[in-house]
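Going by the order they are written in, the chains are A, B, C, D, E and F; count residues from 1 in each one.
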């Protein structure tokens, strides 16, 4: 209920009689990322990198058929985040996720890292959360969901009886190495796909980034007009 | 006694004077899987995948001589499950389980995963519990029951004295690798058998799935009329 | 004193004035294995497998010179056990056990597993306790008693000072592998001896099993008349 | 607020009416490193080594484009430190750090160690904190930030779900070795860069060290006049 | 003071006015090994094996120049011990022990095991304490005292700072294997020396054993007359 | 303040009016090593070995340029020590230690072990503390101070963030082996240097040992007259 409380507080503060959609959006961001740091001084160079970083996530989301839709992009710093891209699922009611959804999700997560690497020439610490999430998804694909060439096997479900009492997994040295190989192969494939997207859709990337540099916030209505012609056009290589 | 309580509550709610078999069935499902989510909106595509996933488990149960009999299939979502297939043992009083029963059980567990993989082209997270159970059975076959080519040996019984005080198993690196090899060999064999069943009994699979898509629930009386001619017809390769 | 209590209760229940030997035997079984499950419905096939399983243990005990003597065999289910064979030591006062006694003991433990494997074509979970005990004995032979080709060495005595504070054994990877190799070699040798006994004394095995199927219980007086001519006739290969 | 308290105490002790910049500087050093040990007897040789050690850090900071600026150098012993070089970031408001900033930071940390090794012929324990910090940065580059040839992967973020309950990382033996190889490669590259700087800017190093030997403290105003012509002149090899 | 108490109790029980040497000897044994089990029924075969087992320890002690002197041998069962050989040091005041003393001690500990193996054809559990002590000595020689070809190094002293907080030793896999190799080499050398002694001094071994079978206890006065001509005659091979 | 207390007690006991230097020396030894065991009976052979053992430490200290100066040698047993050599640093005020000081320290620690090995033909347990200290120093050189061919790296500082929560170091198997190799290489080099010193300065060693056998205690005034011509004459090989 934090979001509703925050929305009400914003409405009161703005002397409105009703909670508007804008109040709700602002409240959601505040609860997720922390208070806005609009007063924080950001250099032009930093602002540009952040805009391209978020544009990298967004363009991947848009061109990949199985990725989530972009809802809003912001480069106003909040809490520890220099910027943020909000996504929503097409099929919000689904109880399961598929292999291609996971691969798309990893590719989208690599969007910021790849932009820094390929457009600006070196990566920063700003992508560490993205890498952590991407690696976790890739590892779960291999060890929980049978989505790698190790086949239908489950290796880390904590409730399984083949864990010893100290909680250490009991698979051997060779299988441990094979798991890592598969995780790295998934990550490398998604990183390559991401690079093709970033380089292949450079013009669209520039459009999104420039718009962000100017306005700092990009709602889905405007974002969709910028990226309308490129939706679901990339054929990922798996 | 939860099941009896639930049955009584259902009977009262339906203004019946006695608990019927239908009350009992409904009560069992509720206790095992959680409350029915009939109101949950499910897309046609999701409904179709769930129907085929459950049909995959069911057809394997039916054609494998040592597998359990299908009692009921449902694709009404309950708790975290999109669907469920209930089985019963032929020889319910048996104090032991045999190697071929375990191999059949693993093959049945792979039914949903294989249908997703071979009929729909990619697997989802919906099979993760099945993979966890299958892997646990395969591991126990190797390390507790002497049912692999490692022969008559026991490696993980927690009460055995050759575990050190920290509870870590003390078998060496080489034997750890051999255990994993055997577990993976068992799983790969069962996965291949499962693929042969899914592809070889495609028509029956379609019949079961279509019936489920139409009715959402399939009791054993009707299920048996659909699958009567294929019972115990698959010769598994071990 | 549980056994004495149980014997007294049985005597009272049977309106006897004294505790008889039968009361004592019944009481011992109840304390060791749990209450009798005579009312439990067992199929003919299950009864036959249990009878042969126990007969497998018994015939090994009888033909191996260093094994314990058979005291009583029962296939009346008790607690978790489908059947049980009671043995007694020839030299009950001995303070030590020898290598050949351990090898005989392991071979006897493999009797049930081997009967299932060689006579009925596949093993069941019913031998898991036997495998656990056999593996523990084999491991102790290698790591505590210097009874393998690793020679006179002790590797797991918990009171020894070369264990570190976390209780983890400190032998290296190579020696860990060698220990496992020796344990597996001991188990494989005993399994082969056991197979030779089961196949070589098939007629006696049938006699014991048939008698058990008919009477369900076989006391040593009758057992000895059945197996009298085969005592201590097998020359184990070490 | 310790720094403000200390500044106030110093001002009072010096019978000033206001807290001066000098009070602040002294207070910051005291809180960071411990009380001044001006009375401690230091041999001429020790003083010379400390001066060159700190000059090594400083010259690296100055010639590397991405390194922090030198604020103050002192060879008055404080707490456990024989000397100290204070740095400040150019872009103090930045929320992220880049790969080249990390590599510069490691190179600066190696400044003291390399001076001891290359100018005085052998290293001392005085560089142990520098080595610890450098190794930690290099490890984070490989395992948190995707800044090595292992690519975009995250391996040690403690909040990630692929850690087991005992907190042990679950990557395998091979990947563990590869991580170490990358960490060592980063450290070796920075050490080589550092050696080129120390040997290539020997005259400037001597100037800084001699000034320190004479004055014991070098504020940035004077430091900048000494090193003005060499700023950002070294092209690091990555 | 337990020994003195026990001696006094024995003197009182025997209605003596003073504590005699015999009271003291009896008291020492009781405190070390537990109460005498003279009433325990022991078969002739068991008695013979125990006598030869203890004679094996004793003859090694006698022919090895650096071993301790035999003080008393007994084959009266006490506590868990079937027999026991008491030794005393020649140089009781020494603050240190040498490599050749350790090698002699291990060889003496192997005396019982080797007699069982070479004279009776198979080993028993009776030597497990001897093996544990011998292995501990050998391990300490390698890891604490620099007495192996690994040279002057110390690897397991618990108070050393290079142990991590969990108490696990931090030497690597290769060094762990090398330690085990050295331990096994020391044990194998001592086992070979022991076999040469047992087979080379067979007649003396028989004399000691026969005397023990007859008298059950052998004090050093009588023991020395039996073994007088063989003292310190074996040249161990290191 | 224990030392002052002890000095005062000694002065009072000796009916002196002031605490003398001798009281101080005696007090220091008592606090460090435990009470004097002058009454302890020591054989001539033991006394000779102890004298040479301590002379081994002392001669290494004297001929190595970077080693500490000998202050006093004693072979009067105290606590657990059969003898002891007291050293003092030349540069007592130094806040750091160098690589050559560490190598000298290890070589001095090996003095006793090497004398036992090369002069008396076998080592004893008397050097175990020396080996433990030497190994710890060598390990710290490799893992904390960058003083091995592994280069500038830090691997065991407990406060570093790249340790996981269980405190286990996270370097891999290969690096673990390389650390051990470097530690052993440092120890082997120092052991060889020590052997050259012991054999090359045999006459001086005999002089020191003979003086100790006669007087039991050797203060630095007399020690310096004996060893005056050999000071700092050995050129160690690193």
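Details
Operating definition for what follows: a contact is a pair of C-beta atoms (placed from the backbone, for glycine too) under 8 Å apart; a residue touches a chain by one contact, two chains touch by 3 or more.
Just so it is clear, the structure is predicted and the values come from calculations on it, not from any experiment.
Any chain touching chain A that also touches chain F appears here: D.
The chains that touch chain A as well as chain C are B. Interface note: chain E and chain F, two copies of one sequence, contact each other through mostly non-matching residue numbers (shared numbers fall below half of all numbers used). A straight line joining the Cα centres of chain C and chain F is 60 Å long. Chain A and chain D, compared by their mean Cα positions, are separated by 35 Å. For the pair chain B and chain F, the distance between C-alpha centroids works out to 70 Å. Multi-chain contact residues of chain B, defined as those touching 2 or more other chains: 166, 168, 173.
Because contacts link each chain to exactly two others and close back on themselves, their graph is best described as a ring.
In the cyclic arrangement of chains, the order starting from chain A and heading towards chain B is A, B, C, E, F, D.
If you check the complex, the residues on chain B that touch chain A are 40-43, 46, 77, 80, 82, 110, 113-114, 122-128, 131-132, 134-136, 139-140, 143, 156, 158, 166-169, 173, 176-177, 179-180, 183-184, 187-188, 191.
Looking at the complex, you find that chain A touches chain B at residues 91, 93-100, 144-147, 150-155, 157, 159-162, 164-166, 168, 170-175.
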